[in-house]
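By letter and in written order, the chains are A, B, C and D; residue numbering begins at 1 in each of them.
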Amino acid sequence: MKINHVKVEKGIRVSEIVERFSETAFNARRLGIAGKIWKEMMKEDSFIFMTLAGAMIPAGMREVVRGVMENGFVNSLVLTGANFVHEVCEALGYSHIIGSAISDDVELADKGISRIYDVFIETSAFEAIERFFMETFKELSGNYSSFEIVWEIGKRLENSFLSFAYENKIPIFCPTLHDSIAGLHLMLYGKNVFLDYSKDLKLLLDLCSQKKKMGIVIIGGGVPKNFALQAMLLAEGFDYAIQITTDSPHYGGLSGATLEEAKSWCKLKIDSKAVTVYCDATIALPLLYAYLLD
Amino acid sequence: MKINHVKVEKGIRVSEIVERFSETAFNARRLGIAGKIWKEMMKEDSFIFMTLAGAMIPAGMREVVRGVMENGFVNSLVLTGANFVHEVCEALGYSHIIGSAISDDVELADKGISRIYDVFIETSAFEAIERFFMETFKELSGNYSSFEIVWEIGKRLENSFLSFAYENKIPIFCPTLHDSIAGLHLMLYGKNVFLDYSKDLKLLLDLCSQKKKMGIVIIGGGVPKNFALQAMLLAEGFDYAIQITTDSPHYGGLSGATLEEAKSWCKLKIDSKAVTVYCDATIALPLLYAYLLD
Amino acid sequence: MKINHVKVEKGIRVSEIVERFSETAFNARRLGIAGKIWKEMMKEDSFIFMTLAGAMIPAGMREVVRGVMENGFVNSLVLTGANFVHEVCEALGYSHIIGSAISDDVELADKGISRIYDVFIETSAFEAIERFFMETFKELSGNYSSFEIVWEIGKRLENSFLSFAYENKIPIFCPTLHDSIAGLHLMLYGKNVFLDYSKDLKLLLDLCSQKKKMGIVIIGGGVPKNFALQAMLLAEGFDYAIQITTDSPHYGGLSGATLEEAKSWCKLKIDSKAVTVYCDATIALPLLYAYLLD
Amino acid sequence: MKINHVKVEKGIRVSEIVERFSETAFNARRLGIAGKIWKEMMKEDSFIFMTLAGAMIPAGMREVVRGVMENGFVNSLVLTGANFVHEVCEALGYSHIIGSAISDDVELADKGISRIYDVFIETSAFEAIERFFMETFKELSGNYSSFEIVWEIGKRLENSFLSFAYENKIPIFCPTLHDSIAGLHLMLYGKNVFLDYSKDLKLLLDLCSQKKKMGIVIIGGGVPKNFALQAMLLAEGFDYAIQITTDSPHYGGLSGATLEEAKSWCKLKIDSKAVTVYCDATIALPLLYAYLLD
């Protein structure tokens, strides 16, 4: 089939350009194919995991994450402790600030500003988070999976995909909860709380073993990617997989590992449909979301 | 200013999402800012160069390149010999083919198919190109700059940004013309043609010395980037610069060099507005073009 | 100071060339500076953490990890579950195999071979690992931190840095133990074992609060990097930091985040000595180890 | 074959560790294999091109480039205009300076310091280069290939691989000479000099058509890579190829293109031995040079 040179006219919609990308090349094509695969996942009524690494929430993606969840484009989330904590921060009304990647970090430290590449966040936000976590964790007692703790937090918030998940009993796994500010506060204030990841694993395995098409959308790599893929070692493998990453395969790490490699582990079915988009997810994910909405 | 989490609604236009990206972070923000800078370039009636490295034409971007030129979003082009040759190929009616990056290259070689990552092109196309260049170069005699040779080619084509450039006397510099299949054919068949880059440099310097705002849009790095930036060593520097690249600064090469570094060389004015977008240009350039159209 | 062009003579030792790299540029200089900083860490009798992400053990680095530990170049390790599991695999006598990154993964799956980029591992190895973990986890009961479980495993192995750590009570934190094959087996067979990361956090905080110079060597990013750096939010920050990574800062993720950014969080002291080497750790780490030995 | 975990003992030589790398994985293995392939190139008495992009000379690699040439490890060089100009700069006694990648470029511009990532160079150096080129180019008249101009320059210098090349009639192609400061000076002062790349192409094709094993060592990508590989479209292809790059294949550009892809173009023979090392060449090249010396 011929390369179809992408045409762009005045007022073109995101969904139109993403559709056209699928007949070009390189990562534009990969993005277009990702859109088609995700759409097929939906058509096939698949159960879809989305894994979320990287600082997507500080980067301004919380409405997108909420949107894909509210529209049923994903059925479960696996996110890092950092994304969890920064979502709580936003839900509590403490915004992230447009900063600069070229900053004097010593000066920022003096001012009580922490930097996430070109995003700033003030100490006051972390103080509010600590108060919130302290009060919450003091109320809890017993064994909790990470998704139950996320629900407990969601129950106490509004206008967040965390509260939406709680209300709709959507499991949000946070396998690095202990490796986050929330984890530090859990240790300090959750004297009666026992974080039991084996409960997460059990639910994850149940979800991975459903008798329906299984799909996964991997944003960045890290533990969320491994956590969701690895569960398939005890199940039948994903039918669909989309990976959005800026890591390269040729350095040998899991975050950059190809989805083909995942087939050798049977984490993906050998006849699964899979594509990797090498692009900053802050660009690629909103485009895919807009594509799915139309 | 607060991070403004990007909202996406049904039917959202590309121009709207790019606009919203400018209040997020990472490369979404960089893309949004690139759109604003390019728009300001236009508003200020700047003279705008676009440099084009990478295999953008094989990748399906020829209509986009043509569009930015026809709409006056760029006033001069600096492209690689490869992009020049592959545009000639398309204009002659020989399309690039949707291939796969996972291919048996020995088998492809046997079949007479050449691979450009996930794009294929057949030997027959190169035979047509050779016939065309042979006939053309045999007709020419004398000293030619690369932009004059590009015009001579454009004069003999239709439905191409090369013919548009010829008809409208838009200079398209091709500083690596000799390092391309066209260069090989020029050596073989252009016995009376002398490729004189000093004529390119002279025009380039004149264009860089105009008494108006100067802007540059750098797609990829390589010679096109250096060729256009370096001319400013003999002029006053660019007022605006946009760079779309997937190269990293920390390996020290020019292709990944930051636009800040260019200020130390006075290739950019110290008060110039500049932004680098770390993204595959097959995604970023069409989005920026759509943004400018609205 | 002038760039001192690196001289290479017959029989040059690794330690000599790394020393000379420090007066060149780009990542050769960064590597040379990393050597000097690590040497100073030793001279100042610092307590040194090494974090280990990426598939370093499958890649043939187990003797290097063991060597830096046995020579006292590091005092504590923070590693991924994957590196832990693959070290157990090697210690049990099941070797990783030299494979190829260009493989038919469906065929590998049929043969029961799992691929880690250009490394292969056979199903039989995983069966041995499962037997070993099953027996071990059935013997354990009670609350265990990850470093205690690592010691329990080390106690049952020979010729491994895990056994060396057990014998010498060197803490090896494994904050993603639950996100590994070991984690799956712990859930399946460790009915009486509770993995309690809060015990890891407590020891980690104690270690970070020692009244001596604190240093960190970060291999790759991920949870190990964040786990060790974040503990310093409750302490005074590292005095020395070396980071070896192939991730880029400009995509905004933590794995690629600069050590300067870490200063804004006070994870590094504002006057700390820090350097990032952008290089595959399979090359950089053995070179640094050889440098320290001399 | 099993992964052979790299052992490092006190006083280990570079050649020993590179040898051992070949039985590990990822880029350490690639580096080790590169050493073996280069050694075989020598054993087979191959004619070896080395292409040199990136700012290798400013980065402190001029002695290494000179060494590989003097030792006969390469028989011809294809370098960028930038590497050529900066070598002239060093040969004239104007050193590059150890700078910092984190600099205020506006302040540097004021001080007359130009930055190349973490290397500085002062205006005085460029003034000396201009005087030298002016005097030289005024003396020349007629048609010159780039390698002839390089020889003319080498004739007027000492203690440089340029003078060594002149004395030993080693062809150094500089296909981007016109796209460099030397090119600007050639236009300004070389009124009677015609830069005729067709003469370069003719010699290059003759060299590529020799009846012996042909090898290539590609440092970085860009025009030097394409210039040397493309010549093989009119010859039989390389028997051996080593590529050291930090570019990725998945963005579709030539600089990151795999050597497998080059086989589909018949630029490499289908049974050629080829390896790509993904590593900063400031680290990898000196290590390979040391390996060959032993």
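One rule holds in what follows: contacts are C-beta pairs under 8 Å (C-beta built on N, C-alpha and C of every residue); 3 or more make two chains touch, one makes a residue touch a chain.
Since this is a predicted model, take the numbers as computed values, not measurements.
J.: Starting at chain B, how many touching-chain steps does it take at least to reach chain C?
T.: 1
J.: Farthest chain from chain A, going by the mean of C-alpha atoms per chain?
T.: Farthest by centroid: D.
J.: Roughly how far is chain B from chain D, centre to centre by C-alpha average, rounded to an integer in Å?
T.: Here chain B and chain D have centroids separated by 25 Å.
J.: Averaging over Cα atoms per chain, report the distance between chain C and chain D in Å.
T.: Once rounded, the distance between the two centres reads 35 Å.
J.: Using mean C-alpha positions as chain centres, tell me how far chain A is from chain D in Å, no decimals.
T.: 43
J.: What are the residues of chain D that contact at least two other chains?
T.: Each of 25-27, 55, 59, 116-119, 246, 248-252, 260, 278, 280, 282 in chain D touches at least two other chains.
J.: Spell out the residues on chain A that touch chain B in their complex, using ranges where they run on.
T.: Touch residues, chain A against chain B: 1-15, 17, 21, 23-29, 31, 55, 58-64, 67, 90, 95-98, 102, 116-119, 246, 260, 278-280, 282-284, 286-287, 289-290, 293-294.
J.: Going by the contact rule at the top, pick out the chain A residues touching chain D in the complex.
T.: By the definition above, chain A touches chain D via 25-27, 248-252, 276, 278.
J.: Given the complex with chain D, which residues does chain B contribute to the contact?
T.: Residues in contact with chain D: 53-55, 59, 82, 101, 103, 105-106, 108-109, 113-119, 175-176, 178-181, 183-184, 186-187, 194-198, 200-202, 220, 222-223, 226-227, 230, 233-234, 246-255, 257, 260-266, 270, 280, 282.
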